[in-house]
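Listed after this line are the structures, all set down as structure tokens.
Each of the next two complexes has subunit A plus one other chain: subunit B in the first, subunit C in the second.
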Partner chain A sequence: MTDTVGIVIVSHSKDIAKGTADMVRQMVGSEVKVAFCGGNPDGGLGTNVPLIIEAINKVWSPKGVAILVDLGGAETNSEMAVEMLQPDRRDRVVVCNAPIVEGAVMAATEAAGGSSLEQVRAVAEELSAA
Partner chain B sequence: MTLESPNGQVITGSVRLVHAAGMHARPAVKLTKLAKRFQAQISIRASNAAEWINAKSVAKVMALRAARDSIIEIKASGEDAEGAVAALVDLVAADFPDNAS
Partner chain C sequence: MSLAPETLKSLVKAAAEQVIAKSAELTALDQAIGDGDHGANMKRGFEAVLGKLDAISALPPAEALKTIGKTLVMTVGGASGPLYGSFFLAAGDALANKELPADLVDVFGSGVKAVSSRGRSQAGEKTMLDVLFPVLETLQSGAIGTGLIARVRTTAREAAARTAPMRATKGRASYLGERSIGHVDPGARSSCVLLDAVCDTLEARS
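Right, the complex of A and B next:
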């Protein structure tokens, strides 16, 4: 199997992030790497830049990484995390403008076929274009 | 979308959807993943719908909302079209087994 785009799920809630990752693994399979993070270090709701960076690096693939987020801070913190990656990785990570659960499943389905990061993002974002 | 292959040959097949819940999310993911393994252009439609949709688009396949017992028609063109139609018919007929994906 060739490399596939990695998927990162960033929610304010760890339970939502984990549940979304579980859905991706069960529906799409294990050939796509999925990482998730959610909640702040105190166990409350929130998102955390270092945890997002860790998740991106965990599923890193030469094909890139697509991030699915829920609300506000998840997006801005994900963008900040991308900025803080090592320079050669920054350009290969995108934050998708898509609903977190549906977007993750569709992005992973597209990624499983070996599609490029641009194709994976386009499929996830197809949902919000309608 | 035009489906004519260079030699104009379009392979078609049809199969009854036996899945209890119809074409919901999980079967849609399996069908799309299988379709993507082929080079051929592949379209499907349910129960004589006017529109054919791209079998490699998971969003569109999920949106089919085909009910149980509807007939799924498949058409494909391109080098491996025959294999693609056969594989997809098998997948649906076998009720989307887990080892198929």
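Right, the complex of A and C next:
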């Protein structure tokens, strides 16, 4: 199997994160690695840096990892998580400026074809530009 | 003069305890213009800091600040985690080859700059930076010593109050647009609470 860009879904709600990942798997298939996380360290709504780091490492690929987020704190915490990765991985992870569900499906579709991280990000972010 | 371990311990303890004590107020402010979790998030983060208080106070000040920052990043669970976390991580980095209180402006300024770049935000956007920037200016304007602590406290309180008439353009409150006007920003208030606690502790010890 050739490497594909990994996808990480970060929502304030674990249910939304899981549901988004389910949609990606059903619509795109299982050839793309997808991880998701949601909820603060107490299990309430929020996001959690250690879980984001774990999710990134879980779907790590030499081609990189694209992260899709919902609201403010998910983005800030994801950026923080990227900075806390081991140095050789930091540059290969991007947080996409895209709606979480549509962005995840589009990014995964693009990734499934073996596209580069930059292409995957660009396709997801086109949704915001429209 | 460098920061003595017992001073560091009392500063961290007071700041954490005050934020925890004010968590209901912070949550109420955040319910008005945000998602209502600021108090609970700050409480969780600073309880984790208090849990490591003895270990933190035993560290060199630069490492202590970085440990506080990392603890907040890993436990807060909202945007305030990386924002406050970045403040302490950058302040700790800046302190590595400097001394307090002599280099306070540099150290505090590095923290403020990190918050600004993490949040991609400037002054006037109804955020914690609307307290941090004015306090930095106060620190820059006066010699350490006479009256500075009182001026910092006054600056922080007045600056937090001035966020009420501002319209939010960053963070969750920006979704409310005009409706964000009239409420004190929760992040500005939590910054004020932390600074108040630091000022009170320093005054009591001096």
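What we mean here is this: the second predicted complex is superposed on the first by the 130 of 130 C-alpha atoms of A that agree within 3 Å, B and C clash if a C-alpha of one lies under 4 Å from a C-alpha of the other, contacts with A are read in each partner's own complex, and residues count from 1 in each chain.
We take it that a residue touches a chain if its C-beta (ideal position, glycine included) is under 8 Å from a C-beta of that chain, and two chains touch if they have at least 3 such contacts.
Values in this document were obtained by computation on a predicted structure and should not be read as measured data.
With both structures placed on the common chain, the touch criterion links A:84 to subunit C but leaves subunit B unconnected. By the document's definition of touching, of the two partners only subunit B reaches A:29; subunit C does not. In the superposed model, A:101 lies in contact with neither subunit B nor subunit C.
When the two structures are aligned on the shared chain, A:48 is found in touch with subunit C, with no touch to subunit B. Taking subunit A as the reference, the larger set of touched residues comes from C, when subunit B and subunit C are compared.
The part of subunit A that touches subunit B in the complex is made up of residues 27-29, 105-106, 109-110, 112-113, 115, 123, 126-127. Residues of subunit A touching subunit C in their complex: 12, 39-42, 44-50, 71-73, 75-77, 79-80, 84. On subunit B, the positions that touch subunit A within their shared complex are 25-26, 29, 32-33, 36-37, 56-59, 101. Residues 35, 37, 40-41, 44, 73-83, 85-86, 118-119, 171-172 of subunit C touch subunit A in their complex.
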